[in-house]
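Presented sequentially are two complexes of chain A, the first with chain B as partner and the second with chain C.
Our next item is the complex of A and B:
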């Protein structure tokens, strides 16, 4: 009796879980299929059928619309921000976790307080500051607001660094290591999981960033993928095959990253709670 | 000893220098600049003029901004409860640990990992009236994004679709952290599955629930990409969320001072909402668990 009701509820659970997966994945599959149709196929056939024959014409069309450059700019921006944010957050996290100095605790609370500052609120003043500095539509404007570290990353690293056994650091010190040596040879290797987490979360949030690049850049020079996709959509509203190719290009690198790091990303999201 | 302390202080500040520069320049200074801007008029290009409280008077008596706040409140009221309940249901099913659960968990997070802008463009096609996939599937023509009564629920649904997997992860982590002994003891005492969920799982999930609700509200209050690409705030401003209104005001209408006022109001509301939930949950958590 109990075992048969259990089997039944197991089947019911699979039914709902599979339905959820279907609702999650179908939109992506349909978008991908449409990106593989020619405009003629799209106009005459059902959007639910398979493209016959599939064509890559939309993707070559994207190259003509400047998407190649947009990919390079986005990748470069993401790389610079990830490296800067990680480096400077590690330095700050170490200072807060392992050094004792005047003003440390007050400063730490200032950092924590800035977690309450929403990006939507700072975008208008940041625009003014960049304009006054003459940095509108430059690569610097894209990266500067994010490259010096993030208070949340610093907070997480501080927690992590505090848990590293003091003996480990003391032993290195006795061997004559200075602070930089300790950081590079002891602290960073001992903190691999949290550093991978922060890298993944930063890549995702920067690759997907839209509002700031949208307002601070103009024209094709420093256009990132999200801005290029939005521009294509409003420019060629009815050319859905081309627009779906653009969407696919914007999405696929992250899905690839996601597949490679699937287990790690789920844990990363829970640890950091950050977009 | 004293020189040692001076040296540590110097070392501490030199390690902090880059991030301190970033925090001050790109997080704290903008909060001062936004307050200053709210007292000035600027059209993005020309000179900046002091206008006193003009922007405040015009924004606070402006029905467009009132509409945006209302739309945002409705949006939050639709999105946050729905994604929380769906996330909790999905997590409870995944927590059974049936074979393949890990795969489902991974699949559900896929929309959340993608650029919200790209997701919005994808759904704009799916929901397109004549050549979109949803209407082809239904076999009828529904104006999902231009019907004034449908647009906000549809934008909310797309947002929920994006967020459910993310919310699920937190509930799943919360459920798995509940000691198995408690459930086991309750089962021995004859508690039904529903009783165990109601009396054990739900109370133990309070901290997770708090986190999910606070972050859910704070992020829903700032949704921009989704409406930018799906509806552009329309039809008839029915999906004109606050973040979108701030953008249109500053970079569409070139009324930067007015946008600054709106940004400050949004900030005040978010801080108040966070503090209110914090007070509420702190009381509830300590009563129930200590």
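Our next item is the complex of A and C:
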């Protein structure tokens, strides 16, 4: 390959990458710009124009719409679900990978088969269960369906745990370690990449969860970010400036998470095959 | 000598402790100050501005009824009727909830609403909307009044049009009798300014055109818009958009209910036909001289739709007597007047409407066209069993029709069949 053709192919690659970045990032930029306009500017100006003058009124307006509480509820819900899912999924994944008991594989595949059931199918039975238990519009109803692990997490962890050398675990056993010691001192440290992956997947999916919180809660008490954002649209007014401020606020924690764990996210793509 | 705990035990203990702290935080967050010995009645609605007015109203109610505490549960309109349905079915809905005419039938027919004793002090059109099978199912709270035309006085002046002319304008399929179309042509400037907001808008636009053509949109619980006057009305509207090009293209308005209003506020639309529900927004954001005129008259007269909202009692409530007391307050002039005090909504209790007129009178806005239009014939606001499903089924047909891609008569016939079929399911 000559140097000129190398330059050309490099330029072509950068062109497509820049185009991809433009297409991906433009909606976010437009959202940010819209959030800095007044409703009057938005109604009367060009959607692509710059805010003149920029205003933070939409962000302060979010406080009046109960957004602060929605952030706290969402953060709390996400934290409880992440800790619960990781804990129970590690336990289940280890049991399916390393413990021997009757019906282990059948139980595993039956559990994994639930991955094939679309979540919307289970919403009505889950709702009825929660309503019968008197848990509708409570924090417990938000977290209970998700806190005890997920088939996807258990599947990933089981496969990862099976790849840990058995000799490592045997050596720990010889040193007097019980199952909990093996998990805490051998399996979990050796599985850091997959655990980071699962943490990120769970945080993002729960932070953005809309359907279940919408169905099981009402009013402002346990309203999460996604439902609060949808709620900014009134009957005759979409209030796009406020909605864009809300979505900007909602993605900030996820962007921060991405920046902090950028290296692990790159590694997790290799681990899980996720794109 | 005490043994040091194993590090694995410490790790698990830390995990449990963190979880316990998070759950304790959730418990603290969920605590509500229950008033000792008082009955709590909850009221669910979707409008934040009206919710603020209700809070003031309920404060006064609680002062007069110390044993009852009333709490407002604000649920966004976008999700209101979805969550209401699941909550009513699950037996956990609020004690009182707002309901619109479009959704009344399903709840009333399945015994999910308390019957209400009517009062002559309530807006008759709203009472009529919420009466089904001879029984009233809600306490009227708000009325939309009628539809009128907001005009940009600057654009009219530039085109040499006297605003008073707007009150005499007629639309007609017969070109010789049609004065609206020539007027809109004068108010339209290629690619820069539209004359009017003809669009796929049920309440603001096409119901009124069907009515003023002498047609009907629905008959009882059935969709019935496939009739010759309605065909003429829709042909006229579609023509304004796609032939005369005096209204924004349907590609802009079909899926963006705010488009026309925003164009009006941007000074790019001369006439904006809508209801009082846009009055506060126009008053706050218009940077030009504006006013309100009467609807165009059609072949069958000047006909407007009017709509209302009622508060329904939940028969599954644990405090039915307290609910009845709160409903009585909400239907009284004293309790209802709070809703009109800031001009955002029109109280449905007749004697409470003074607050609304006073508010806009102080701001120099003449709201009489919204009310005067109701002195003439009206077209009923559609509703009935399965209305919401039927209306959803109409949308793709009407979208294409307003884009000018489908024949109007054929589209109305097909859309009506699809709507009735969806409603029946």
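Everything that follows uses one rule, which is that the second predicted complex is superposed on the first by the 234 of 275 C-alpha atoms of A that agree within 3 Å, B and C clash if a C-alpha of one lies under 4 Å from a C-alpha of the other, contacts with A are read in each partner's own complex, and residues count from 1 in each chain.
The rule is short, and it goes like this: a contact is a pair of C-beta atoms (placed from the backbone, for glycine too) under 8 Å apart; a residue touches a chain by one contact, two chains touch by 3 or more.
Since the structure is predicted, the reported quantities are computational estimates derived from the model, not experimental observations.
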| item | value |
| --- | --- |
| Overlay on chain A: chain C relative to chain B, clash or fit | clash |
| Which superposed partner A:127 touches (first chain B, second chain C, both, neither) | both |
| First, second, both or neither for A:168, with chain B first and chain C second | neither |
| Chain B versus chain C as contact partner of A:231, first or second or both or neither | second |
| Touching partner for A:73 - first (chain B), second (chain C), both, neither | second |
| Touching partner for A:100 - first (chain B), second (chain C), both, neither | first |
| Contacts of A:151 with chain B and chain C, given as first, second, both or neither | first |
| Which of chain B and chain C A:256 touches, first, second, both or neither | neither |
| Partner chain(s) touched by A:138 [first = chain B, second = chain C, both, neither] | second |
| First, second, both or neither for A:184, with chain B first and chain C second | second |
| On chain A, the residue positions that both chain B and chain C contact, one per complex | 42-43, 87, 127-128, 131, 215, 230, 233, 240 |
| List of chain C residues in touch with chain A within their complex | 6-9, 11-12, 15, 18-19, 22-23, 25-27, 29-30, 32, 44, 46-48, 73-79, 82-83, 86-87, 90-92, 94, 256-258, 261-262, 265-267, 277-278, 281, 284-285, 287 |
| Of chain B, residues touching chain A in the complex | 5, 8-9, 11-13, 15-16, 18-23, 25-31, 33-34, 37, 42, 44, 90, 93-94, 96, 98, 100-102, 104-111, 113-118, 121-126, 128, 131-133, 136-137, 161, 164-166, 169-170, 173, 211, 215, 218-219, 221-222, 224-225, 228-229, 242-243, 246-247, 250-251, 256, 259-260, 263-264, 266-267, 270-271, 274 |
| Interfacial residue positions of chain A with respect to chain C in the complex | 39-40, 42-45, 65, 72-73, 76, 79-80, 83-84, 87, 127-128, 131, 136-139, 180-181, 183-185, 214-215, 218-222, 227, 230-238, 240 |
| Residues of chain A that touch chain B when the two form their complex | 10, 13-14, 16-18, 20-21, 23-25, 27-28, 30-31, 34, 42-43, 46-48, 87-89, 91-92, 94-96, 99-102, 104, 107, 110-111, 114, 116-129, 131, 144-149, 151, 154, 179, 204, 207-208, 210-211, 215, 225-226, 229-230, 233, 240, 243-244, 246-247, 250-251, 254-255, 258, 262-263, 265-266, 269-270, 273, 275 |
